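In what follows, chain A forms one complex with chain B and a second complex with chain C.
Up next, the complex of A and B:
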């Protein structure tokens, strides 16, 4: 079962690599913001599955922080793109 | 245990890719987004290597606070500089 957990964690990082490609090639800035937010979500999921693989429940705190603050980061981006200044 | 090393090297490859993107992307806001992506994956690498307290600091500082500070600085500069070529940016981005 732990093989499944680490395989899912690796697959999420591979998806993160695809999202980095979208962040590099995205024609508009909206594509890049969405790619960045999705990358944070994929990192959170990978972290959850890695903590299940390594059986360390203290890593779940980092997943909670990452989920909460990736939302805040996207909010900052939206405000910056709307006004040009925070 | 090989899965651990695969995850480790994949995180390293993603961090290197994001760092190269910071240097190569033509617009300033896209480079700041690449900085944020690098901080996110770096926090994941900290967790994989067994340092969740460093990962806490990296999530807050590297993924959110540092890009926000860069955004504030770029926004303040843009209010003074009207020709975006002076910032080293392309006009169409």
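Up next, the complex of A and C:
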């Protein structure tokens, strides 16, 4: 089963690489926030599967906090934009 | 048998993740990209997380954390997408030229507001 885990982790990283293109091109900051949010989700999944593959439970908490702060960041950024502070 | 279920779920999830990522790359404006981003997160991430729960069991550290991440995605992702789209609209980011309607503007025109 561990073969499946590492394969999924690598596939998620490749998909994240696709999103880096949008992160680089933008053109607006909003587009970059969308790409970054999606990229963080892929990174979270990759980290979860890698931790299952390597049997390292410490990475689990890193994955959870990565997901949580990614969404918090998106919400806060949206608030700033709405009030014209960016 | 359980391994086959896990592999099938992972393939479904990765397919949706990939198509969502391609959508974020190719869609013409911000609002359509937000829609693709949401699809990547829900239909892409959830099957993969369910696969991990199936593989490890819901009470194991890995399955439990996967469930927690799944709940987090389900609850927060709609809020984040909505907040971002609303903020972008208020900031005046234009819709794609091919967009067929703008219901917020229609509603405001009906109410007689001068704003935008």
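Basically, the second predicted complex is superposed on the first by the 83 of 86 C-alpha atoms of A that agree within 3 Å, B and C clash if a C-alpha of one lies under 4 Å from a C-alpha of the other, contacts with A are read in each partner's own complex, and residues count from 1 in each chain.
Everything below uses one rule, namely that contacts are C-beta pairs under 8 Å (C-beta built on N, C-alpha and C of every residue); 3 or more make two chains touch, one makes a residue touch a chain.
Computed from a predicted structure; not experimentally measured.
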Checklist entry - Which partner does A:38 contact after superposing on A: first (chain B), second (chain C), both, neither? => result second
Checklist entry - Taking the superposition as given, does A:51 touch the first partner, chain B, the second, chain C, both, or neither? => result both
Next on the checklist: Once chain A of both complexes is superposed, is A:24 in touch with chain B (first), chain C (second), both, or neither?
Outcome noted: first
Next on the checklist: Looking at A:13, would you say it contacts chain B, chain C, both, or neither? Reply first, second, both or neither.
Outcome noted: first
Checklist entry - Who does A:65 touch here: chain B (first), chain C (second), both, or neither? => result first
Checklist entry - Intersection of chain A residues contacting chain B with those contacting chain C? => result 7, 16, 33, 51, 61, 77, 81, 84
Checklist entry - Which residues of chain B touch chain A in the complex? => result 3-4, 6-7, 10-11, 13-14, 17-18, 21, 24-25, 27, 29-30, 33-34, 36-37, 40-41, 43-44, 47-48, 50, 52, 55-56, 59-60, 63-64, 67-68, 71-72, 75-76, 78-79, 93
Item to check | chain B partner contacts - residues on chain A that touch it in the complex | outcome: 3, 6-7, 9-10, 13-14, 16-17, 20, 23-24, 26, 29, 32-33, 36, 39-40, 43, 46-47, 50-51, 53, 56, 58-59, 61-62, 65-66, 69-70, 72-73, 76-77, 80-81, 83-86
Checklist outcome for this item: So, in the complex, the side of chain C touching chain A is made of residues 3, 6-7, 10, 14, 17-18, 20-22, 24-25, 30, 33-34, 37, 40-41, 44-45, 48-49, 51-52, 55-56, 61-62, 65-66, 68-69, 72-73, 76-77, 79-80, 83-84, 86-88, 90-91, 93
Next on the checklist: For a test of understanding, state which residues of chain A touch chain C in their complex under the given definition.
Outcome noted: 1, 4-5, 7-8, 11-12, 15-16, 18-19, 21-22, 28, 30-31, 33-35, 37-38, 41-42, 44-45, 48-49, 51-52, 57, 60-61, 63-64, 67-68, 71, 74-75, 77-79, 81-82, 84
